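Next come two complexes, and both contain chain A; in the first it sits with chain B, in the second with chain C.
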Partner chain A sequence: MKRLVWPLLLVLALAGCGDSASLYRLRDISALLPPLALRLHDGDNRPRSGADFAGQVVLMYFGYTHCPDICPTTLARLAGVVRQLGAAAARVSILFVSVDPARDTPAVLRAYGEAFGPRVVALSGSQRQLGALAKRYRVSYGFGPADSDGQYEVSHSSAVFIFDTRGRARLLATASDSDADLLADIQRLLAPAPVATR
Partner chain B sequence: MQPASAWAYLLPWDFYPTVLLFCAGLALIYIRGWRRCRETGQPAGYAALVGFLTGLGLVYLVMHTYVDYLAQHMFWIHRLQHLVLHHLGPFLMLLADPWKALRAGLPVRARDLLLPWLARNRPLRLLYRLLQYPLVAPRLFVGLIYFWLLPEVHFGAMLSATRYQLMNWSMLLDGLLFWWLIFDSRPASAVGRLGYGGRIVIVSLVVPPQILIGAHMALATESLYSVYNVCGRAWPISPLTDQQIGGLVTWIPSSMMSVIAMLILLRRWMHERESPALPRGTVA
Partner chain C sequence: MTLAARWLLSLLLLWQGAALAAPQVTQAWIRLLPGDLPLAGYMTLRNPESQSHTLVAVSSPQFKRIEIHRSLAQSGMARMQALPRLELKAHAQVRFSPGGYHLMLFGRTRPLRRGQTVELLLQFDDGYQLSVPFEVRAATAR
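Moving on to the complex of A and B:
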């Protein structure tokens, strides 16, 4: 019992740092990760930065286009949820960041992104740019050995990082979260901020 | 995410000036002081030099190289990192009884300013006394391990760069304090020195809770720490295997450190009883 005293004191001390009474259903990461910043290129090989998505709720996901299951499922799911927003969908961007630039050329990215609908922006960059972005959001990725056709697996993060319209990191969605929770939280992020909290 | 060359494995994954300053500063001061001690005929053995620098080097290795990346993305390597920060590194550094050499290695002006200031600073001395109080030190030692392993706290520490640093520094500083208390080499007459019996009780008290939490992780049938799934592991490994190895690292080597410490303390205790007239050296 006494062993618990110190941890509890520290928990209380740290609990003061974050907003403990979250209004959101997904995991709140407001206090944990830095605001949206990236330097990548899109399917038209145009440079893109975090500022391009100002005023939008951004859902960022790391993957690669040769991914057999989890990437297409996640993207289809996100696109489906965003479609349910109706007109408000125009204020949401789904960023698919490919960590496999060797195979995911701009043309491949463009076709892949378009397959999931208008709100999906497929991005990639040099290993240096991708490494910096992965480090910023504390995710990891790695490449498996190539088979006889030169194909290989890529391990990557499974989380969707959600940023509010001001680019602040707010929520983290995983495969275990329901579509309804995702939809409700995106709607809440899109709602105009109450005056009291400004 | 691998470095381009073999050398790059030794480069900092994230550059922390504090870590570089702490490790390089301590190493320089220690080596300088150790040489000065030898020149003036004071006891300064090669075993102490090698022990202190090995401990410090290990601390640097786990905090400021590619190991730091692996520790962020693999649970069992994170446990290994904490084994070094909280146990092995400080254990070796304090076993070497570095105080005399560190004192001699400080530049004269710094020594003349720092040491009197430390002696006068009442809040700092009180804090030190509180943290080293025999009823507090073992609880703090075990409490920190438990605290950072609470799943919610662990999630935040692995996602937030600031909390991650806070976690690692808290483990290192507490490790240094704890093993300082255990390997205190002042003579028995020194004020505030804890007797060997008390120290043996303290190092044995911290064993059962560490076995408990290590076994809890090693034997769990479900993944307790989801953050590694969310952020991706450094290489493909099943979450349960990762957790089991992590549990074993927390369970076995950390308990063995206590056993080794007990043997060292017993030996010193017997030595002190045989030759009470020969003090082992003093620390101002």
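Moving on to the complex of A and C:
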């Protein structure tokens, strides 16, 4: 049976009505999206999978390096917030998934990731791998027409998907969420699980 | 004060007044990305005059091409829109800032490094031109 993939926004709109007293400030997606799973390559052209990030809080964002405004602005913000965690920053990975593998070769990805500091891992994959990942997280992307220099725009989802240290999808951050909310929720995800007491 | 000095002072004030009346730019900076990736330039553009000015072109020997862009977020998707011109209404201010209006800078003619200053020439439809120093900042600047 072919499963119908609802766009994430519609799912969120339907699920948005009954937000109970959550401990978190960002949008709760734990019931809506599957655990972290991906098959991509990094800036050293090494294969990377979701399991590589076990034990880490993962912030995943889809974009492309030829995007001069939104993508670097988002990465600068995420890197800045994660830096505020101090030593705990080592337990957070920011995954930048380029949906533009034609231009974003491993060398481009490596230089790009490094520009944003040690917590950013720039990844990409074949169109097939990227398509599977986009479908899994209900995001879409598209390519605009090329100009005279062969440059083209890529439209992409603007949200940041946040997974806990066990790889479970937990929260969704958008540009309208404050740095303080983002920081507080990452800290909460990093905190050890409370011990049940009676 | 001698008469000559008074004349000089009023001339100076007049000249300063004229210079203050035209569109002004503050907080101009460029976010540096590696290689030859296109870059974004940000600034605050202010028009103290009672007549509007329209920004029609931006150029610099440092870049092959510069466009006026705006980022849009629609239904959770990030997109960009190129604007052929940007009207700066009387007594108005337009902020070019991350996630909104920005200058898109294509094709570096020579390498750029953090901390240096790049002059961009802003041209308005009435022939007014403004050379603006943009500070090159790190990728992680906010």
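Note that the second predicted complex is superposed on the first by the 177 of 198 C-alpha atoms of A that agree within 3 Å, B and C clash if a C-alpha of one lies under 4 Å from a C-alpha of the other, contacts with A are read in each partner's own complex, and residues count from 1 in each chain.
As a convention for this text, a contact is a pair of C-beta atoms (placed from the backbone, for glycine too) under 8 Å apart; a residue touches a chain by one contact, two chains touch by 3 or more.
Note that the coordinates shown come from a computational prediction; the quantities given were computed from them, not determined experimentally.
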> Counting only touches as set out at the top, which of chain B and chain C does A:A159 meet: first, second, both, neither?
Replying inline: both
> Does chain B (first) or chain C (second) touch A:A134, or do both, or does neither?
Replying inline: first
> Touching A:A102, do we find chain B (first), chain C (second), both, or neither?
Replying inline: neither
>> Which partner chains sit in contact with A:A180 here, chain B, chain C, both or neither? Use first/second/both/neither.
In response: neither
> Once the shared chain is lined up, is A:D149 touching chain B (first), chain C (second), both, or neither of them?
Replying inline: second
> In the superposed arrangement, does A:A54 touch chain B (first), chain C (second), both or neither?
Replying inline: neither
> Thinking of the overlay built on chain A, is A:A111 touched by chain B (first), by chain C (second), by both, or by neither?
Replying inline: second
> If you stack the two complexes on chain A, which partner ends up touching A:I29: first (chain B), second (chain C), both, or neither?
Replying inline: first
>> Going by the contact definition given at the top, which residues of chain A touch chain B in one complex and chain C in the other?
In response: 140, 155-159, 174
> How about chain C: which of its residues touch chain A in the complex?
Replying inline: 31-35, 37-40, 65, 69, 71, 73, 75-80, 98-99, 102, 104-107, 138-142
>> Quick check on the complex: what are the chain B residues that touch chain A?
In response: 1-2, 14, 69, 72-73, 139-140, 142-144, 146-147, 150, 153, 156, 158-161, 163, 209, 226, 229-236
>> Residue numbers of chain A touching chain B in their complex, please.
In response: 2-3, 5-7, 10-11, 14, 18, 29, 31-34, 62, 131, 134-135, 138-142, 144, 155-159, 172, 174
>> So in the complex, the part of chain A that touches chain C is made up of which residues?
In response: 8-9, 63, 65-73, 75-77, 79-80, 108, 111-112, 114-117, 140, 149, 151, 153, 155-159, 174-175
